[in-house]
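A, B, C and D are the chain letters, set down in written order, and residue numbers restart from 1 in every chain.
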Amino acid sequence: MREQHVYGAAEKAVWKHAMGPDRWQIPAVIEELKAKAKSEGLWNLWMAPYLDPKSEHSPGLTVQEYAPLAEIMGAVPWASEIFNCSAPDTGNMEVLIKYGNEDQKKRFLKPLVDGSIRSCFAMTEKKVASSDATNIQSSIVLHGEDYLIDGLKWWTSGAMDPRCGLCIFMGKTDPSAERHVQQSMILVPMPSAGLTIVRPLTVFGYDDAPHGHAEVEFKGVRVPAGNLLVGEGKGFEIAQGRLGPGRIHHCMRLIGVAERALSLMCARAHERVAFGKPLSTQGTVRADIAKARLLIDQCRLLCLQAAREIDSGGVKAARHNIALIKVAAPQMASWVVDRALQVHGAAGFCDDYPLAFLYAQSRALSMADGPDEVCA
Amino acid sequence: MREQHVYGAAEKAVWKHAMGPDRWQIPAVIEELKAKAKSEGLWNLWMAPYLDPKSEHSPGLTVQEYAPLAEIMGAVPWASEIFNCSAPDTGNMEVLIKYGNEDQKKRFLKPLVDGSIRSCFAMTEKKVASSDATNIQSSIVLHGEDYLIDGLKWWTSGAMDPRCGLCIFMGKTDPSAERHVQQSMILVPMPSAGLTIVRPLTVFGYDDAPHGHAEVEFKGVRVPAGNLLVGEGKGFEIAQGRLGPGRIHHCMRLIGVAERALSLMCARAHERVAFGKPLSTQGTVRADIAKARLLIDQCRLLCLQAAREIDSGGVKAARHNIALIKVAAPQMASWVVDRALQVHGAAGFCDDYPLAFLYAQSRALSMADGPDEVCA
Amino acid sequence: MREQHVYGAAEKAVWKHAMGPDRWQIPAVIEELKAKAKSEGLWNLWMAPYLDPKSEHSPGLTVQEYAPLAEIMGAVPWASEIFNCSAPDTGNMEVLIKYGNEDQKKRFLKPLVDGSIRSCFAMTEKKVASSDATNIQSSIVLHGEDYLIDGLKWWTSGAMDPRCGLCIFMGKTDPSAERHVQQSMILVPMPSAGLTIVRPLTVFGYDDAPHGHAEVEFKGVRVPAGNLLVGEGKGFEIAQGRLGPGRIHHCMRLIGVAERALSLMCARAHERVAFGKPLSTQGTVRADIAKARLLIDQCRLLCLQAAREIDSGGVKAARHNIALIKVAAPQMASWVVDRALQVHGAAGFCDDYPLAFLYAQSRALSMADGPDEVCA
Amino acid sequence: MREQHVYGAAEKAVWKHAMGPDRWQIPAVIEELKAKAKSEGLWNLWMAPYLDPKSEHSPGLTVQEYAPLAEIMGAVPWASEIFNCSAPDTGNMEVLIKYGNEDQKKRFLKPLVDGSIRSCFAMTEKKVASSDATNIQSSIVLHGEDYLIDGLKWWTSGAMDPRCGLCIFMGKTDPSAERHVQQSMILVPMPSAGLTIVRPLTVFGYDDAPHGHAEVEFKGVRVPAGNLLVGEGKGFEIAQGRLGPGRIHHCMRLIGVAERALSLMCARAHERVAFGKPLSTQGTVRADIAKARLLIDQCRLLCLQAAREIDSGGVKAARHNIALIKVAAPQMASWVVDRALQVHGAAGFCDDYPLAFLYAQSRALSMADGPDEVCA
């Protein structure tokens, strides 16, 4: 399917759309491919038995079985969405399955599982180091039968997607409580009065339209009290439970990124001639290729080891190895893509190749879900 | 002057302009600052005595004296232009001084020296590894009293600047000659019939407007035979003579880039608090800062050593050390900026800080004027 | 068994012996432990079903089952020998099983399998880059019913062991033949007339007594023609067949080396106090420990992957991954041991800890069985 | 002089002596060369005008002038001694010049300056992290007209030299005083009753005989009260004053080590042939050589910059850059020697080349005078 539907025409079309004036609209090909994937049962592939034990929403692949598929999808930035496997929707569905009540599931999980809406996750704050959750400044205050939500969030990926119907918001319900029970999470329908997209953010100059990363202001946003997840003070716990699976999915995709970069690097090295010989005859290029092969394969094995641990013992049992790959995979992918860039010469930096974009994406994932220093 | 005129209001204004709809026009502040700099004699600071022995066009600073000024200018991407010290104009002026005849100098050197036009340099080709000059495919063919020029060039920086009045073009006059005398260089006025800007190229996601990097098609562009530099077959020699000084200027500026990144990193480490302590108390952050200081200082000393060699023995005498810093400076700057990014968290990747842009610029300079592998 | 018999008293005793005047004799504890291991069936653990399908000489562990045991043994330099699992004996037994005839097996394989003799492998030559087998200068010349052997070999590990009874020698029987059929291998009993130990070689100052690495001169050494392995011209093929398993065993042991270094590093970081706090609170030490954990685990997984491939498809099927870990494991172990050294301060460099010795051993294994550049 | 007197015959002779049974005696060639150097005025070259303003003991070279000479001497481990320029004598003379009274100078400085005795420095302790001077456990206790000295020191380099006549000892005179005035330094004649050499220590497998690194026990060693330097509580201050110049000398010598390794690497790469071509045609070898050139030159420039600062503003003015090169030079030299090792294949690890020894020495200097983490 990758060769047929994604690489080539579709990828070029989506890229062109993403660089054009309608970039914040969804290109038609995306929805066409989604429909096709869904009709073939290639849907919610990520939803492993620990989440969906009766295979109600998914084919019921284990995490280990999902890994090679996520890798293939990862090679093209938007391919995961086609199969309803993209962040932050997957993490948000996981949260709703684990922590949502029946009403919450009906209103928000069902459309996410169907792919009829998309979602975002508002955790990171602009003014503080929010990887330390105790720094969070946003507030969720009970006011009669509603909660009032205030705060300035950013890096809220997907908030500008016109299909975005849900924001899971993290804020403090009780700043005076013990450190890890000050925070709560609440479901905010989108659009909502008082919720304003301030601007799209760029990553090394890319705005990743139409998905995008938004700065979002919440000013007296009012939602029914029933939208709170689990109960006041459960925000930190929910956040922790959300992180692990999200991180391993990122790693699987990054392995796909690195494989694609390596494959481009090898092709270029064979075809490009300088000083009378293909680049592939140069010792430094060969050494880079060998090292890339080594780093990718080692990283994949560690990722699969973590997947095995989730499958057999649950996310907590894999905590240790997820932390290791969370740090290792972005560094590995950044290095491999950087070496692929070098072999491509100036061409690699522009958008005739996906490399500069993939570098930006890989490097940023050293930060997403917490910087290396926090995770290691 | 930097604090007063550049950092702060001016830099923000230029950045906003560069991201806005008029990005390919020149923002007014640039020309205002240029006039101010020129009136204060801060003009052509780069033009060392070996080029301008009677200080006709410049204050006559040595390369060593210019180095710390170039470093200061380098910290802001467009600051060099304010003082008529920016690439590719400097390299083109150097070529005209060294290889231009009186008529060529009058028509092209004078307005460049005055700052009334800007220029570009069309060497890199899209389809071949043009760091190996024998690969060049563009042609310069005598046709009566004119030369006809054909070829597809890219990474022609500055070609889209509305003030661009000259393109120095490299092509082959005799593909059957001995390897290093096949090429010639010729002066192409801009605009010219048959010369078409195909598109701006991006570096990572940045198009560097209004300077920019163009793909340029030359299709039967006709220029008078008198526009040829020196004579047929001299292209390779001229290119070699142009490279050295251009490379050392890039390195001086990259040291300024790295100093700025380090300064931002230190400030951020002091002010940002996570888990109850400023980031500056973390051992890994401190180790990165110490290493950045070491790398920058060592690189600057090597750069000054090469400058000293140019001052005392000419560009050729510095050839060896210029090659070393050409490789070392972009790698050093990329590393320092990357570490500064890490300390800034997600904020560093977007354009609230100059870091992501400076990374893109530093990384790309590992390729500009030839990849590391060719230079080392 | 490790805690009980090896770490502590035995290790200290063997080290003291190895540094003392009788260093080239075998310390009694070695033979005592060997007898104990053999009596418990902990013997020839490395001999996997592809070599010993009927478990005649071994418990019949798969390569995957052997890996964690080899890792444990690797943590102490001489522990593999206790279980008859040490190089070069294992490689030599492998050669005899695969390529020896019945008579050769009876005379040489049987005592090796029993542990009544030990052996060495004379391939590397002093005067040429013998990782390129076509460079080999030693000769094996038929003379009536005998072969006459001449050559200067070095890094012939184990040749000075008083129990050494066999040397497998590589030389050229026909220097005029096609590149890869010039070489042959022959079994040389030890001692033999004309075979002289020139001197022991050191590795970073260590002579590794009583095992040791010898420079060995062969001057007209005469052995019966029946000692030739397989036939003339088969030397290169036998060498290739010997390399793979030997390399993976080295890697398994290096993982044990790295685990031991990491364990010492963690213990030291916890107990050592500087500037009022244990070293384990320093960010750079913590980062090194995390990275060590990551590198070791990734390397082990790759090693196990290669083991799995040997178990299911034979050595050839694992060729690719054996090449990768052959390069990766020594680099990984060298790095981990180096970081452990740093945490130990000056103490690490002397022999109060095994670290300096383990560094020497790990670093040298980047070269053993061919330098990285040849294997990658 | 280097080619004539040192490389070649002398170096081989000293090495052979150092590996032989008389290794703890001084080989005759050393004293012969010393006499020759002294007679030619090549003596105390390190003693810069800030220490010896009237050139009483030395030719009065500046630190900058000394640097290239120290570099040449550094290439051979024992060459500095020939010119009375070796540690720890230089640091001890510096201490005596700065802090000794007339009587102390007459008894200890004069014979050191003349080269009639050698000396050692007993600071590092076995049981604590003594880079943090407040950890020091040794005691110096006034008892009538004498001080009684107790403590267990190690890494006391030179203590086993039969010519050693002085030990400068650091201990606490008042453990209850404020942190940095608890320590004192005292001059201990050698031999002295109660002062016992416990054992020589090795660095990797080298004992560096006849200089050597000793573990030394001080048990009730009694010295006259007049042997105390400056006064009680001045030990920390004296130690600080001693460190700077000692560190820069080590760096100068390490640059010589690296230059020698690079020179050996280049020679080997040219002469060694594998797979039909000299190693010098391999891209990775060429890249290593280029990087070595870059690292050495940058390090030397930084070292000279610190030397310039000492010459113009004294040791304190250079404090910052001395700290940087203290960290940079051993890492640089270790890397260069390691790469030279790689090009030498197995030969590099044994003592046919000086590389393994130079590696051990360079790596250990990351720790000498304080680990990187303390200095940076």
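Heads up, the rule we're going with is that a residue touches a chain if its C-beta (ideal position, glycine included) is under 8 Å from a C-beta of that chain, and two chains touch if they have at least 3 such contacts.
These numbers come from a predicted model, not from an experiment.
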item: Higher-contact pair (C-beta pairs counted), A-B versus A-D; value: A-B
item: Rotation, 0 to 180 degrees and nearest 5, that superposes subunit C on copy subunit D via CA atoms; value: 180
item: CA centroid of subunit A to CA centroid of subunit B, Å; value: 37
item: Subunit A and subunit C, separation of their C-alpha mean positions in angstrom; value: 46
item: Distance from subunit D to subunit A - Cα centre to Cα centre, in angstrom; value: 54
item: Touching two or more other chains - residue numbers and ranges from subunit C; value: 282-287, 373
item: In the complex with subunit C, residue positions of subunit A that touch it; value: 283, 286-287, 290-291, 293-294, 297-299, 301-302, 305, 321, 324, 327-328, 373, 376
item: Residue ranges of subunit B touching subunit A (in the complex, touch as defined); value: 124, 126, 128-129, 131-132, 135, 154-155, 201-206, 213, 272-275, 279, 282, 284-285, 338, 341-342, 345-347, 349-351, 356-357, 359-360, 363-364, 366-368, 371-374
item: Subunit C partner contacts - residues on subunit B that touch it in the complex; value: 282-287
